[in-house]
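As written, the chains take the letters A, B, C, D, E and F, and residue 1 is the first residue of each chain.
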């Protein structure tokens, strides 16, 4: 059985990872996966390249799949308003299909 | 020319990577890409964090793009039934568009 | 406010990264994120596995979100025609929703 | 009485040895919430260098050794690995709140061998000046592999039983012992040890051994101890969420297993002149529990077993007890017995 | 006059010392567009080994030290850290084109301490044969933490002021000083230093210190200098895009801060017999600016501050000046003054 | 006759030297399917330290050297690099089943230089006590860069010819020789060597050279050999899928190229007194094929060339033959000839 779900992709600096995971937990997301990468965006100057030796300035992508589209919107809105106004980061949503809905 | 295709995203522990790549090959997928990450889900306790020194417990994401939606469903169903009942892992499907269909 | 946007995912060898980022810049993309991974495809023999000690042969995934669907098509077409005819790489497009459109 | 007080003061002195001190230091930092961590690639390199060092030295000595002497200890090593798994299957699996597969996997890890604990024991013997046959390192696979193979076989059987009760059926692969043995030998830890043994035996690595592998040993081991201390503490929180009996088993097992092996060692001493230091190392092979190659082998081999249980027991309790108590205890025992 | 020419020839000789030479070498390679880079896990390992080495030696000496002697320098260290941040807040923040939060964050980084610069200073004193109390390394956190905490508190206040003017309101967490202090102590750099101090104090690490940490020191430091040179050059391009006053501040600050600390050091010398070498090290603690743990702490603590400004100032200008001029200058000053 | 038997026993003894032994050991482990692997960041660090060591020593010696002596060998190095590429283009490209671009790329890699093979040759000369000018390391770029540049230029021309036949047109960048030269110099391997040379020449790195770079050399090289052995075996499976003529070329090329260079070396010996050891090193520069910076440079420069062909030939066959046969052969030749 396939179920419709929403994939939330969050890109930000690793230094903010913990705060964002807290938001996810507060809003009830059941799991997430984190990838490290490099990046370049509009905020400040090349944020991913500050002191490349220091992990905390790396870009991370946090992927969260949730079943409830309202939860997805709520998470995205909170992140935009509370964090990504004045610190680097972007959030995008997309539709995915998953199996075994109790996991999400 | 754009073609409709399906992106299969598989998240699991690296230790199970090989078995899953075998399934992909058996079902006829023509390529895949693997990313390492960390994660947290519902299976067991924080599976990604067991013995962080040991690679094999890291979370990997395997991305496979296939043209045939039935092949996508078949892969996803096999993985769910044969593997992700009693070991950590999730599968999601999403629609993408690709170029040059002979590659997928 | 959610806006429709297109996520361009590019997989290729790291050695070609710079040329591709140039195309992105020329076409006006405002940001991108890069992830390293491993992979396997139809071009040559296992391109990701050549000299695993040498970074430059690793597979990278470049993710770019753009608001304008025509820009997405233009980028994808240029990459296919100028690069991925005779060197490894694939491009896929998918629909996402983003917030704060001025960033993309 | 004197022996006991001697042993206690030995333990107290042990806290001052860098080996144990660094292990406890790592645990302390983790307990304080420190973000101190040694990069994992450095960790792997350190393990590699330590195992190469042990292997090279073993290989260089085997050149002049009577290989027949190796046979009995090797046979005993296999026997001990098997006995440990069965003890775990019988004792641990009967305790309340413990799933049979988890018990078997845990026993497999305790039957297998910890390269780092073994290195710490060698350094300790060097420091106290107790001689041993350097080829004892070649016994490692003889205990490690049978324990892991047996645990996986028993674990699969237990899983099948569980599944028969439930409705859905898996198309699980059959247990293939040959495959598991080969897979174990191909693991990175055993490979490094075997490579070192071969190079020590077949080439003349003395210059590189003296200029690199030997001088690095003590320093790299000290860093490994810090890493293991950090891991021990971090896994403790996972262990807390599973049945408390794991902690009891993990605290007793190193000394019990070491004691059994010590007994076999005494037999070998009398039959073939196995050295006292060799007996101590055999005891430590048994007392230690695998921390590098064992966990992923068991994870892949028995996917339904809970890694929080088996890794937690071994890394958080088994290894610290083996290093803090096992190493000085069996060394002291050897000075008394022989 | 003679002192000046002596100092100039000292600087010139300094360019030939490996420490400064390797730093400049790294800058040169980066300036030439070289893709030379030292893997980041190796970088972290090198930092770890250097800090452990400094900590172990400090710990081993504290065993025999009169701890009362440490009190006054420690108190001065706190004072200096606080003074540096206030100087930055008052002086730098007033310059044209500089946002208050950015000024405060920059001052925080200059108040904090650079482990690598400190290691370079110690090696320099060893090489010229000027003695110092090895426990001076224990002063590190006393200057580092107050500076970072104060900067974050002031930075948050400045941010709130800015936000009151704008319309939208954040639900920002309150400033929690205790949390920041603990978080600083848990950082990887301070943790390694503290772990080294504890192990030096409580265990007997002499064999491993002599066989590993001490012999590796010079080589690892030389590689660290190359890394810092590369970083210095690469951050320069970012620094160019922010106000030029940062460069001016970053060029003056190390010598000014070092001078202030040198003054406090003289007082401690007269009151408690603080050694000339100790005074130099205190000056370098002040003159240096944090490069490992400071930046992410400030980034998380004051997210609205622009890292291009504070990291650029410190890494690209502050650190090279501190190593090239600060270390020989304050050493020379000590030979003149004492 | 005596020379031949002497050479054969030299080869046999060579299998016992750590260098070759460790290379074969790595191949053997990979052949057995071992998962042994040295983390890639450690690999990069090892390469960096080896090249810095070679560079530092070269730089320190150049201080007292007559630089005019370097001119002729440098000119010969350029010539040899160019000759090797043309040999490959003419000979290899004519063989059945071989695309011209692939032949050219392979020849480029064999014209370029392997840092690790060069390091192994230096250690070998040190061990047998044959003296050489340490500035020979400065010849590296003189052979490496012309070979790569020429291969890329020829490869692009060959690609354009192929494309004229097909219908679609690319907007490929023009060949820019200056860009390729600069890009080569900026690569991580050449950068480390150049940095070492500069630091050896301009600073006084003796203490750090003696305490770190020199003592680490032998140990790090032994680990590098293991890595190269593993790589050699793993690339072999790819090589099998391309034309077998690559294997033939790769087996002959090191000895042929080395022989040519040896001839030029003899000329330099008679004209400018180039030492016998220097002649051997020049031969090894020619005989070796690039393993670090060459492959990605060629990949980016000639994207249509198949890396399985060029990397496979060089890593799987060229390098092992160069180390196992080339190094002892040319050393022996030098003792006979001079």
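Here is the rule we use: a residue touches a chain if its C-beta (ideal position, glycine included) is under 8 Å from a C-beta of that chain, and two chains touch if they have at least 3 such contacts.
Predicted model, so just to flag it, every value in this text is computed and none were measured.
Asks: Going chain by chain, each one touching the next, work out the least steps from subunit B to subunit F.
Replies: Contact-graph shortest path, subunit B to subunit F, evaluates to 2.
Asks: Using C-alpha centroids, which chain lies at the maximum separation from subunit B?
Replies: Here the answer is chain E, farthest from subunit B.
Asks: Just grab the chain with the largest centre-to-centre distance to subunit D, centres being mean Cα coordinates.
Replies: C
Asks: Please work out the Cα centroid separation of subunit B and subunit C, and write it as a whole number of Å.
Replies: Roughly 20 Å, centre to centre.
Asks: Express in whole angstrom the distance between the two chain centres, defined as the mean CA positions of subunit D and subunit E.
Replies: Distance between chain centres: 42 Å.
Asks: CA centre of subunit A versus CA centre of subunit F: separation in Å?
Replies: About 46 Å separates the centre of subunit A from that of subunit F.
Asks: So which bits of subunit F are touching at least two other chains?
Replies: Within subunit F, the residues that touch at least two other chains are 39-42, 216.
Asks: At least two other chains touched by the same residue of subunit C: list those residues.
Replies: 35-36, 94-95
Asks: Chain pairs in touch?
Replies: Chains touch in the following pairs: A-B, A-C, A-E, B-C, B-D, C-F, D-E, D-F, E-F.
Asks: Quick check: in the complex, which residue numbers of subunit C touch subunit F?
Replies: Result: residues 13, 15-16, 44-47, 49-57, 81-82, 85-87 of subunit C touch subunit F.
Asks: Looking at the complex, which residues from subunit D come into contact with subunit B?
Replies: 40, 43-44, 168, 170-171, 227, 231, 234-235, 238, 241, 291-292, 295-296, 299-300, 303-304, 306-308, 311, 315
Asks: In their complex, what parts of subunit E are in touch with subunit D?
Replies: Per the touch definition, subunit E meets subunit D at residues 39-42, 44-45, 48, 182, 185-188, 191-192, 194-195, 198-199, 202-205, 207-208, 211-213, 216.
Asks: Under the definition above, what is the set of subunit B residues touching subunit A in their complex?
Replies: So the residues of subunit B touching subunit A come out as 9, 11, 35-42, 59, 61, 73, 76-77, 80, 84, 90-95.
Asks: Within the complex, which stretch of subunit D touches subunit E?
Replies: Counting only subunit D, the residues touching subunit E are 15-18, 21-22, 25-26, 28-29, 32-42, 127, 215-216, 218-220, 222-223, 226.
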